[in-house]
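Common to both upcoming complexes is chain A, partnered first by chain B, then by chain C.
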Partner chain A sequence: MTALDVMWVGLGGGIGSLLRWWVGHVTGRVYHGSFPLGTFLINITGAFIIGYLSELFSVDWRDRYGAALNSGVLTGFLGGYTTFSSMELDAAKLNGSKGAGYATYYLVLSTIIGLIAAWCGFALARLQG
Partner chain B sequence: MRLLLLASAGGAIGTGFRFLINRVFAHAGLIEFPWATLTINILGSFLMGVLIETLALRFNASNELRTFFATGILGGFTTFSAFSLEFATLYERGDMTTAFGYVLLSVVLSLLAIFAGLIVMRWVLA
Partner chain C sequence: MINAIILVFAGGALGAMLREFIMLMVPHVEGFPLDILVANLIAAFLLGLVTALHKRAVLNGDVNSMLGTGVMGGLSTFSSMVYGALILMMTSTSDLTVAILYLLANLILGYIVVILGLKLGGDGVTPAPRPRIG
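Coming up: the complex of A and B.
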């Protein structure tokens, strides 16, 4: 690991987080319902893209931090764009405002659709390759 | 504009810490199971609980602080994309028990961690 790797990761994470803030901001303007649509869309699109790119670059998670491309784009940009803690926070808030059933529904839906999205990204890259 | 800069500066810091923790786990040889991401997401969720309760009780739910620490640092520190990639990799290898176990552990333990964070701070700051 070099200082340069950390720089790429930090740069990617900064840009990814900026985009996450922006998507959340725009979604909040368009949609006013109680479903945490912003975080949901962010995680699903991020999962799809990481599935697609990792199959394209054929990287396993164990060598995710090898090249600048991997560390900057996968760990940095996509890692910074998607979030786990905000999703859990959304669920905890929903538990308080809408009840445990709705909170569980959100959490299960986000997770399952996210995992399917990552797999679809994989499959798409394989179809093209 | 200011919020956007706060989110991205925090995100760079959080992502940097995630990268360092990944490296530490890789260095320790803990790479057959995604221990690093699991630890990161649980720890990040606990800190999110601590932070949100602290902001609510002590800082008047300041939008600037929330954007920098919650959206930026903790949002960038934790990750869903690595989590889903790790699941897909385990699944592709045919290791179903590990793949689904990983998902269940991540989601449930992180949820418990955020509630733990909220409760601890409510108790500490009350």
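Coming up: the complex of A and C.
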């Protein structure tokens, strides 16, 4: 890993985090329900994009750096944009307000829809290429 | 507003770089993305801790934006977690089992550590505030 890779990861991570913050902000203004919709939408769209770009540019999922695409976009931007920690914090909050069943539902739903979204991105890239 | 933008950007950049360094330090396990799991668990624990400290006003809003939204968000990743699992699932039946166990490990351990972080920071997850009487 070179200094340039570190720079790409940092730059992508900063931009991705800003976009996450902004999407969360906008979603919060439009939607006022108890479902953590902002984090959910962020994670699902991020999963779609990683599946699409990885397949389109034939990036092995274990290669996280070495070029601007995998270090800046896949590791940096999408890693900064999507979030696992907020999802778990949302679940802990839901457990407090809506019960364990709803918290489990949110976690499992995010993961399954995330898998499907990643697969859709992957399949779309296959169709194109 | 501009403060929040700078703090989230700087925090997210730092978090993403930290994630890469953590992942480089985690021993490589063939066919199991242990490195992403470790980064996610560290982030979830620290996010619980920062959230609790913010709620108790030990940390102010700016620090919370930088650490909670920025660093912990950049440190953890959902996209790499599901994509790694998806690729494993498409490889073979035995890898499919590993992928499901891997996702469950992320979800369950992540939940446990976020609660631990919240408790350590002095805040159990508080139920929705009760309406004030009187």
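Just so we're on the same page, the second predicted complex is superposed on the first by the 129 of 129 C-alpha atoms of A that agree within 3 Å, B and C clash if a C-alpha of one lies under 4 Å from a C-alpha of the other, contacts with A are read in each partner's own complex, and residues count from 1 in each chain.
Going forward, a contact is a pair of C-beta atoms (placed from the backbone, for glycine too) under 8 Å apart; a residue touches a chain by one contact, two chains touch by 3 or more.
Everything numeric in this text was worked out from a predicted model, so none of it was measured.
Once the two complexes are overlaid through chain A, chain B and chain C clash, as defined at the top of the document.
In the superposition on chain A, A:G79 contacts both chain B and chain C.
Look at A:P36: by the touch rule set out above, it reaches neither chain B nor chain C. When the shared chain is aligned, chain B and chain C each come close enough to touch A:V6. Once the two complexes are laid over each other on the shared chain, residue contacts for A:S97 go to chain C alone; chain B is not touched. Contacts of A:S17 after superposition: both chain B and chain C are touched. The interface of chain A with chain B overlaps its interface with chain C at residues 1, 5-6, 9-18, 20-21, 43, 46-47, 49-51, 54, 61, 64-65, 74-76, 78-89, 91-92, 107, 111, 114-115, 117-119, 122. Partner chain C is touched in their complex by these residues of chain A: 1, 5-6, 9-18, 20-21, 43, 46-47, 49-51, 54, 61, 64-65, 74-76, 78-89, 91-93, 95-97, 103, 107-108, 110-111, 114-115, 117-119, 122.
Across the complex, chain C meets chain A through its residues 4-5, 8-17, 19-20, 23-24, 40, 43-44, 46-48, 51, 69-70, 72-87, 89, 103, 106-107, 110-111, 113-115, 118, 124-128.
Touching chain A in their complex are the following residues of chain B: 3-4, 7-16, 18-20, 22-23, 26, 31, 34, 37, 40-41, 44-45, 47-49, 52, 67, 70-72, 74-89, 91-92, 103, 106-107, 110-111, 113-115, 118. Those residues of chain A that touch chain B in the shared complex are 1, 5-6, 9-18, 20-22, 24, 42-43, 46-47, 49-51, 54, 60-62, 64-65, 71, 74-76, 78-89, 91-92, 107, 111, 114-115, 117-119, 122.
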